[in-house]
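Each of the two complexes below includes chain A, the first together with chain B, the second together with chain C.
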Partner chain A sequence: MKADIVSLRDRSLLRPAAVLAAILFVLILLPSFVETYQIQLVTYGLIAAIAALGFNLLLGYTGLLSFGHSAYFGIGAYAVALVVQHLGPHSMEFYLLVGIPVVAVMSALLGYICVRHTRIFFGILTLALSQVVYSLALKLYWVTGGSDGLRVPRPTLVLGLLSFSGGHGFQQFITSYYYYVLAIFVVAIIFMWVIVHSPFGKALQAIRDNEIRARFLGLRIRRFRWISFLISGTFTGLAGILWVPLNGLTTPDVLYWTFSGEIVFTTLLGGFRNFTGPIVGGIAFTYLRTYAVATTEYWQLLLGAVLVALVLLLPTGIVGALSKAGQRLSERNR
Partner chain B sequence: MGEAVAILTVQILNSLLYCSVLFLIAAGLSLIFGVMRIVNLAHGSLYAVGAYVTAWLVGRGIALGVPLGWLFLLVPVGALSVALIGIVIEPLLLRPFYRRAEEYQLLVTFGLFQILEDLMRLIWGGTPLSADTLMDALPIIRIGGLLYPAYNLVVIGTGAVAAVALWAVIYHTKFGVLLRATSQDRRMASALGLNVGLVYVLAFAIGCFMAGLGGAIVVPTQAAVLGMGVDALVIAFVVVVIGGLGSLKGALVGAVIVSIVRTAGIQFFPELELAALYLIAALVLLVRPTGLFGTA
Partner chain C sequence: MILLKTVNLRKQFGETRACDGINFVVNKGEFLSLVGSNGAGKTTLVNLISAHLQPDSGQILLEDRDITFTTVTERIKAGIARSFQIVNLFDGLSVFDNVALSIFSREGKAVKMASLAERDWDVRREALEVLGQFGLTSKAEVPAGGLAQGERKLLDVAVAYALRPRLLFLDEPTSGVSTHEKAQIMDTVSSVVRRGMVTAVVIEHDMDVVFRYSDRIVMMHEGSFLADGTPDEIRANKDVASILLGAPLTT
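Then we have the complex of A and B:
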């Protein structure tokens, strides 16, 4: 019996691992096939995937819909920008070293307040707090540059071993930074996978599915939600930290409530009822948005129409729909 | 009248003006949430549509040589057109979501918000649309040596009338009874033979009408600009959160509090004025999640 469970677990791990290895292989080889612009886009996609992955720990696994995750993305971005302004060293490792604790502390602080509520009140509370951060970033212009935002120059990577200046600096930076983000992306996925499959992750899902029953089991619900919020915010903040050197500039736009809406959109596009959904969603949304902006001046209209169609027709997202189709196919074959 | 008194009077009038518009937006938002349990993220955009339609109609009216007095009738027409949009939206987009999870309801209204924002850009372009002919049609009055446009008093009056009218409809008509019954227990109301679908359409239309009226009445004092709905929505959120989601009295009190804080904030602490509003909303949510008057 025990052996059965082990082999079952091995098998359930083996197939996704094989698929993942194949995808990773393609991603590693990607820069030798495509032009710089495409690499840049994929990098943005990976960053969006990290943000959505963090967001989904809260929505998909804990059952809390945050409408204020722009705050953590923006706090990460602004933390880096302020480090550049006041502390000096243009090293990506230094950005991460300072940025991650800042984001974690802010997520812990704001999360501690937000998890006092659930459902719609949780959503509005996260929205209100993110708007506090937004209006501070907008109005305290002597610190944050106001609506002009703050510039972030290209950092050095890998402890200053790789630095980028001169004529080919941009292309080199994009390629190196792609690998840098890819490495962090892989670590983030593994980390999140371990979390959601740990007893802690199972407890979150139990709380999501039946709060009262979970409480009877002796779970400290609020604390679980708080820690989930903390991890979720930190992941999204990490995405902000990674995003800002690539974008070169951070403005209050990334703190505004509409950006939170985009994070929710991203996650739903991929599908929030499964682990891979937000990852697919991050990359799909980046491409969708880029091509919408490129093809029409009214890209927001297009995105809105896609979103409405999505929730009406494809509520489980891309991954949900694909896996359903796959299931049907395998049933037919059987 | 001393100068200080005059300044104070103008400030109070300004905050009443702001309060009227806020109340119109927030009352609609609150009504829709109270009856349908939907947080309408597109509500600010509906307010903006009201402003755009009215400004556009006024512009057309002037071009066609419509007498000045008749132009004022275009304000309710602008508001009614938003109500019409609501009548179309509710059965088409919202009805499939009442039985689904909140995430989907929020997202569909977010999608609607994106669509409406860009539709306005598509139809009316990026340049602000002005309707200040209406404001100039009314005299400018003197308040102790300070000049004040009489049109602003019309806005304040409209807000007050709308508040009374809405209160009368909800608490003193048969339709109001049906509305409150549906809001309290949708299934029981339906079981008693009430046409819940119709009540929902009407409630949503009234909510849209209020938002549209807010936009229509305010547009002569400023102009219809892109993005006005995005900002209006979050402030309206603050109002209903303070007052209590789903409460009419709450929307009124919330609007008064927010407009006073805003007017004082712009005067005394301009950098923190917005942050203070959101902080107040967050604090109220923490201490009393149902707001000052909410029961939800």
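Then we have the complex of A and C:
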């Protein structure tokens, strides 16, 4: 029996840790080599990656396609903006402390309704609820500022140790904030990696593959989907919280359904069948969108064409295609 | 000693009486075969007992405890597990994970999210032991979707067995595989089940298999029981022979 135990290859944690360390090394050195604008873009990319990582817990691991994840991103952003308006302290830690519980509670509430259904019915419910949140943000203008949105000034970082005012404030803020987001991004990745490799994560994948059989293992399907939704929404909400100080303003646009579409696009671009797909997608989409907007006024047309090409030619996304190519290469070298 | 009993169990689909007042008894420790032509009501009976369907009327008693209206989860906790006629696996997960998940679920560990699944040494040891019993050790890391049909049938049984049930229902564990593989699968399944002291109810069409492995055979026809006895008694039964006309009655 001892031999049997040995026979299962021990998946070493060394490889994923080494990959993470190598990428981290590059990202830490990045501000020394590129201009502020690029740093800002990469920060946006990391934030998009966190959002897509959360979204993919539902799509890739639980098998539920949400078309309303803009709601959780937007709720995170608006939670911060309302804290700024009414509670005062312009501290990033304070924003996180208030914002995360708010998105968690909202994800739990809306998720409880959505997971009563699956497939297209689930998708429609998520879409409908996000549009309700969007309309509220638009119509309750005395609270939310309506279509003008709410401004969010630069917060202090690390318990007020770093504050940014004056002439060089912007540049300093971007660089510091980049490291701030990077740190949270690393924690988020590790957190999510452990979840999808935990018994809970395996149970989610089992439910995705075969709901009936999962039920006959005694798993309470709906509860698993609900918890998955809660974590997913909170992750995407965290991205919203991190995004708003960088953008300086939140408008109802981030609650609109097209923004949910962008989160779906981001995830598909990187690939939803593997863990790293949404991370690569977050950075790739941010650059794609930025340069599409800069190149042509018909940028939406350009993005649409990319999406069509993606679905037809690279259904497994960038990471899926790369890993397939890598496999072929290693087979040839054998 | 009686493990499970149904009292006047009824289930009707439109005009069809799939189970027409079934009084079914399963004794502790036996290997029982449920036979009958297609549409006789065998799968419906198993669906009712495993809570996949709700009966129209009647009772299901597990050791005199009424479980008629309990949920699937409660019935699994009470010790009733099943496999499926059409293989039902988690194709994206490895063979190991398929079995490990049964154990996580049984132990109430499936909700744990702060630890890695493959680092739970107790579960890992047990999962590999079950895979060993079913001859699937060498496939542990293969995705379940990549197995051959015979292996898939075995894994399907292994996933149900890993729940450590007292009563295990197997819905056609050898359907869709070659005659040669049938014997292999039944040898494996019957030896694991007997060694594990699990009471098993098997739905099976192949009468050779049924006669060779069963302690007792129950025959259904149009929603009712037609015959109930040892393989020898069933072989001698004239009604059974007429129903099974065309199927060879020799072993």
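We take it that the second predicted complex is superposed on the first by the 322 of 334 C-alpha atoms of A that agree within 3 Å, B and C clash if a C-alpha of one lies under 4 Å from a C-alpha of the other, contacts with A are read in each partner's own complex, and residues count from 1 in each chain.
One rule holds in what follows: contacts are C-beta pairs under 8 Å (C-beta built on N, C-alpha and C of every residue); 3 or more make two chains touch, one makes a residue touch a chain.
Since we're looking at a predicted model, the values are computed, not measured.
In the superposition on chain A, contact is made by A:I195 with chain C only, not with chain B. Residue contacts after overlaying the shared chain place A:L65 against chain B, while chain C stays out of touching range.
Using the contact criterion defined above for the overlaid structures, shared-chain residue A:K324 touches neither chain B nor chain C, since it reaches no partner. In the superposed pair of complexes, A:D209 makes contact with chain C only, with no contact to chain B. By the touch criterion defined above, A:R151 lies against neither chain B nor chain C after alignment on the C-alpha atoms of chain A. Of all the residues in chain A, the ones that touch chain B in their complex are 59, 65, 67, 113, 116-117, 119-121, 123-125, 127-129, 131-132, 135-136, 138-140, 257-258, 261, 264-265, 268, 272, 298-301, 303-308, 310-312, 315.
Within the complex formed with chain A, the chain C residues making contact are 50, 52, 72-73, 76-77, 81-82, 84, 88-93, 96-98, 100-102, 104-106, 109-118, 120, 124-125, 128-129, 131-132, 137-138, 140-141, 159-160, 163.
Chain A contributes residues 1, 4-5, 7-9, 11, 194-195, 197-203, 205-206, 208-210, 212-220, 224, 227 to its touches with chain C in the complex. Interface residues of chain B, counted against chain A in their complex, comprise 39, 41, 93, 96-97, 100, 102-104, 106-108, 110-119, 121-122, 230, 234, 237-238, 241, 245, 270-275, 278-279, 281-282, 285-286, 289.
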